[in-house]
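You will see chain A twice below: alongside chain B first, and alongside chain C after that.
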Partner chain A sequence: MTTLRFRTVLGLGWVEASLLIRNLLVLAGLLGGGGLVWLIIDQTVPLWWNVSWWIGAGQLILGMAVLIAAQLAAGRPQRAGLADLYASFPASAATRTAGHVAGLTGVVPASLLLAGAASAVVQARGAIGAPDAVVLAGGVLLVIAAGAAGVAIGARLSHPLAGVLFALALFLSSGAYQVLSRAAIWLVPWNIMVNQLDVLPGPLAGYPPAGAHALELAGFAVLAAIVALAVTVRGARARAGLAAAGIAAVAVICFAGALQLRPIPTAGVNRLVSEVADPASVQRCTAAGQVRYCLYPGFGSELASLRAPVRDVLARLPAPPGPVLTIRQVVPLSMSDWTLTHGQPSSDVSRWGTQVENAPANAAAAPKATIYLPVGSWPAAGGQLADANFDLALATAEWAVGIPPQNSGSPAFQPCVPVGQAREAIAIWLAILATRPSADKLHDGLNTGMGGGSTGAGVGNTIVQTWSYPGMGRDYVMAPGGGPQTTAAGYALASAMTSLPQHQISRVLTAAWGKWLNWHTPDTLLARALGIPTPRLRPFLSAPSGGAPAASSAAQSPLCTS
Partner chain B sequence: MTLDVSTAAVRVDGLSRRYGATRALDGVDLALERGITGLLGPNGAGKTTLLSILATVGEPDSGRVSVFGFDPRQAVQRVEIRRRLGYLPQELGYHRHFTVAAFLDYVAILKEITGRRRRAEEVARVLAAVGLETRARTRIRALSGGMRQRLGIAQALLGKPDLLVLDEPTAGLDPEQRLRFRELLSSLPGDPVIVLSTHQADDIAAICPHVVVLLQGQVQFTGTPAELAATAAGRVWAAGERDERAHLAWRGGDNRWRHVGDNAPAGAELVAPTVEDGYLLLSHAAGWR
Partner chain C sequence: MHELTGRRPRRSRLRALPWLARPVIRTMPWATLLTGCLAGTVFLAIQAHVARNSSWQLQQGNVRLALLPAVAALAFVPGAAFRPLTLTTPIPSWVAPAGQLLLASPVLAATCWVQLRVMNYTIPTHALGHAPAVYSLIAQFTGWCSVTVAAAVCVDRSRYADLGGAVAVPVSLGAIAAAWNIPASASVLVGPPATAHGVTTAWYAIAAAALALTGAAMRDHWHRYGRTAPRGFALRTPRSAAR
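Then we have the complex of A and B:
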């Protein structure tokens, strides 16, 4: 390339870069990508090994916008009716294309801004682990590759829809797991649908294969630029040079693809499975009063957030509970996921599967003195954290009053229902006092059925109206088998108790704490002791005398009897 | 490469171009010298095809073109021609969201004016030349049709080209702008070769030392405007009544009929012919209506 042509490319690149920087589409992509990352990190305490990849998903949105913007820019002369004029200039079509490719430097600041701002926010929200620079760099390369693809498309197809369609294809490729073997899922530009990064207790080498993927994206960027130039360049010598460069780029892409298809190092999977199956072997436990918090290394910053609701429940108990409560992180890992196990010997896969099946998170029964917290599900802030606090407080209170997660009788390991039991109202009352959720939110739990109606559970020959507490079913707290089912009656009495002075309730509870913990003690007795009427619920379904439950669709659940 | 100015600046030999069954150019021979050459011809005569070939945008089916000694069929020489070329196509689009100055700056880069300062000076110069200096920051979509045409002329002037190919540059210009355009072309420095296609015979008469009439893809006349006008000498009359034998007749502002044809109307008096009269008679003779 002559100096003059090189300077022309630089000049065009400078102009195109400044146009891209100010491009509204790129700005929209930046905001969209940032919004996506925000949605992800807004939900849980961010884990860097997961969020680094999600920042790349934000870059995918930016990349789609850049692809469209670059395609529009490259096809601008044709659309504007300037093709004849441009053809009369000494700067050839190939020079103009090279200028467009050089102009992609204009999207690098936007991509870096997205990565930098998202990283700063993630770090500020108490992220666990450390950012993965290679994954973050891969996101920037994704944007550049998308832009180069846009130039290649625009050099051939100037219609605005062409860019939109290819951007859509780029997005759809991110979820191509339905047509690809899951081992090959890392080959798509940016996989955002299938992975278990969000539940890992720490980074796993080779998952994702970030370095090889960045190399693949770099290869794609170069290949797209070569295709763009090949569309416009003239002369056999130039075409031959481009063909050689294209072959080299394809070779790099294939090499990177082969690297990504390699199995994850067995030692890493072994260690992961071991950490999942036997959390106690690696977790660090911190004792606080009668509670042990056992967390994976690096998760210590979550401790303060976990302790608050537990401490506030235990502080209101009339008498300390006997055994020590353990609150333990668990990993709901699936070893049927080929992204983790592809290429591994089947004997190893089988062994890992067995180990993980027996892990605490997958056990059918939960130990009575343990509350499990799935890794990656604890919220960072906001309403979700309030819900999670209530969930944990209620689990603690249920443990304190002796309500088991499941009935151990027959049928075994099913969520039990503490129908009419005084201790249920006490547990809910303790959780409410510890976390202070709004009355409206609590009341809404009575109307979570279809059309805002009630829900029920069949117990014996009765349909019992149930109550969905804040955070229920969100997996903040994991109760193997499902955990006890709270009743509307228990909530109603607990709600009525909150209107009484706390010392009055404490006096009543302290006077006969053992009696109140007995599952035989009815809630009506507690109401009478407190001097309040037993709340009357809206009439619900009840079984005809001596017959089967009226609502046969309601699942049968055992009574909590221990 | 060095500029070859020893021979005719632009030579066209036996140029032919077909579009399907239509023969747009049919063995055109031309030699263009420095100065302004007006290209006259009706719609479909092949003017735009000829100009696009001169601008290295179109390619002939046969024949040769030489611009300052460079052969546009050779890639390297074609670039040399383009480095000396300013071209205004007949139908020019614009990047409507660009500002006037940004568009000219972009074109300047495409013309390989890579130095920022020089580019800025060039943009300022051509803006002043077409009277758009106050519109530098205006977006193109906000310009009137006439202003856009002036912007098209301005981009052609970037880089002080040695060859200016202007396809109907005065279309859309109001009378004052047309006069300013004449002034602009007449005062261009460096004595470039200017080929100007137009339907406005008075523009040709006013500023073109040379005129070429193209009819049905063939050159029907080359010479000066006076020579073109002279071809109508003795065949233009003024009379009080219209004579049906005239090739063309129209009533002028003095309420007298001007007749162009071979037969003298009764009571008519001969009047001095114009370039337009010469052109009309040529096109009539070629069977063009």
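Then we have the complex of A and C:
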């Protein structure tokens, strides 16, 4: 009898699995999950310790679809008003429910396909690190647990809205960081809102607690299946067995929860903080001419992408700049993240906070010959990589012509504006020649204000129209204080310079390179030397008649004077 | 029978409307709609409670998320039960679902109002500055509802009619999520980068288009069977009859 029932369950499971795997909702969930993963990996060079977790977020979308599909399947008899007819079948309701649970094997291929395809794409895009099999397995378990929950819901609530609401609850739980504080956020099915995995320079043991979380999800899957069976099973003995199994599943879930609530090993956080506060102690530096590239271990594949724009800028300089330029990766880590510091002694947290505050990424003052690159922000390909290349080329050119990243006088550590300075136009021209962005993209930088209007910065008693270079504000390149503010006048002259033969400009620059680097040398002089008219900009803001210029309406910035 | 014999006189339709009110109200899926509206509101109320105790404020983003269950519930409202039967009655078959949608409108409006009040509850009275304008959020909610109704009605006219809402919810929410995340559409439909005025205009335009689609789908009289009927099924013309 038991064998017969088992074979019936297997047969029903096979049918339900084949229905589930062909279900349009599941296929849509597969597409949606894949789309979400693509949105994440498309932006930057993927870091496996971050992307593994985001593939789980894609599985969350698939899980929502599976939950709805499983609920619809399990609630089919009641919804169609055929409960009495089904009751007359040889297979009992419990057997059919067991068939539905067994049918969840049908979504495993879809989940594995999502994980496998996403992993393949991530690897093909030059991912850094290695995939975390436990995290990926956790994503598959999430889908199975969601399906089991759907069966349990469908066994009791047949209305389709029930599945939809529970699927929404599953989604909303992923961002319940405002309700669940500290490490409790890891207890939700898949936390996608609170973590700093995308900025870590390497994997951190226990962050996220992947093994314990996978165990919790497995426990939830078993518990949901038990609940589904308990709703439909008849007979005291069977119910007692299910109750015992349910208690065991709850115990496993509690044990897994307790494991997730443990603090991250102190040694790991110590190592992370020291890597953040003193990157030079762990980074590997590669010298290339006058430039040193210092990258965290494992990030060597980004070197080629970084070198090209820097090399192309330096190759066009009439004379080599004095000091060595260091291009260094930094980590914009926040120690106020309680998922990172929960359960640690307050003295340690305070010490780590102080160390991180003084890290290069957070320090107010930056060394002059250093360009910082935040970990996890460098794009892999496409238009974003072109923008990042321009940003790096411009930062290099600004360093080469002596524009400081921030004001050195009073007020200190504020981004300065090189108003009317010839060297600004030269820096922008060098960056344009090195990376060749489209003219439209460059021109769009003049109209980034509200409603496509202009933006400005107050310098002294005037308001200067500013120019937003491609990728500005994306933090591909990080300068404390934001770096110098490029002006529309500088861009306009640089744009006009690109129409001249390069050798003509090189001859003018080489003849008086020292003079052009002086901040006193105006851009009008450079235009005259090149034989081009000074570009005229359309009026930006006019002073009120008889009154002072309307400089007070814009933020005040110092002039770059060094 | 009237459906088969010609156009119905407009006056007789109007006269029949008061008689329809009671069955439309009685067949309205109140439990479904109210469950969806209450689920989101309770979720937001819990968040508001935590926010008050933790000294942070709810944002319009929280309200948007809390409105999703109400939008999902709306997908189950316009289902036309017994459509083959209602097609034979003197009253057009779209009147009942349209009436139910009209009945759902004040419930949804009240839900939105309550949720905005809940959000305001977390904002201190002495807070500096103006609260963000809510007209763009209302436009977004209207657009979401219209897209969902259009999806539900279109599914109702397909062979998945029995799962109308269950299919329409993922479809519409997926479309909304895609519009939110794809840069090209987000630049118009999400503010910032789009202005509140632009967002409002765009979502009301989408709502208008979706309502037009809804109207066209509701007035469509034809059944659709995407799959060949099984062998021996009654819908298939018997060979003997063909001969």
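The rule is short, and it goes like this: the second predicted complex is superposed on the first by the 552 of 562 C-alpha atoms of A that agree within 3 Å, B and C clash if a C-alpha of one lies under 4 Å from a C-alpha of the other, contacts with A are read in each partner's own complex, and residues count from 1 in each chain.
We adopt the following convention: a residue touches a chain if its C-beta (ideal position, glycine included) is under 8 Å from a C-beta of that chain, and two chains touch if they have at least 3 such contacts.
All values reported here derive from a predicted model rather than from experimental measurement.
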item	value
Contacts of A:311 with chain B and chain C, given as first, second, both or neither	neither
Contacts of A:39 with chain B and chain C, given as first, second, both or neither	second
Partner chain in contact with A:351 - chain B first, chain C second, else both or neither	neither
Touched partner set for A:8, first chain B, second chain C, both or neither	first
Which of chain B and chain C A:161 touches, first, second, both or neither	second
Touching partner for A:474 - first (chain B), second (chain C), both, neither	neither
Which of chain B and chain C A:96 touches, first, second, both or neither	first
Partner chain in contact with A:85 - chain B first, chain C second, else both or neither	first
Which superposed partner A:234 touches (first chain B, second chain C, both, neither)	first
Chain B and chain C contact sites that coincide on chain A, given as residue numbers	80
Residues of chain A that touch chain B when the two form their complex	4-5, 7-8, 10-12, 15, 76, 80-82, 84-92, 96, 99, 234-235
Footprint of chain A on chain B - complex, ascending	52, 55-57, 75, 79, 82-83, 85, 87-89, 91-96, 102, 105-107, 109-112, 114, 155
Chain C residues within the chain A interface of the complex	32, 35-36, 39, 43, 46-47, 50-51, 54, 56, 65, 68-69, 72-73, 75-76, 160, 162-163, 165-167, 169-171, 174, 177-178, 181, 195
Of all residues in chain A, those that touch chain C in their complex	24-25, 28-29, 32, 35, 39, 64-65, 68, 72, 80, 159-161, 163-165, 168, 172, 175, 178-179, 450-451
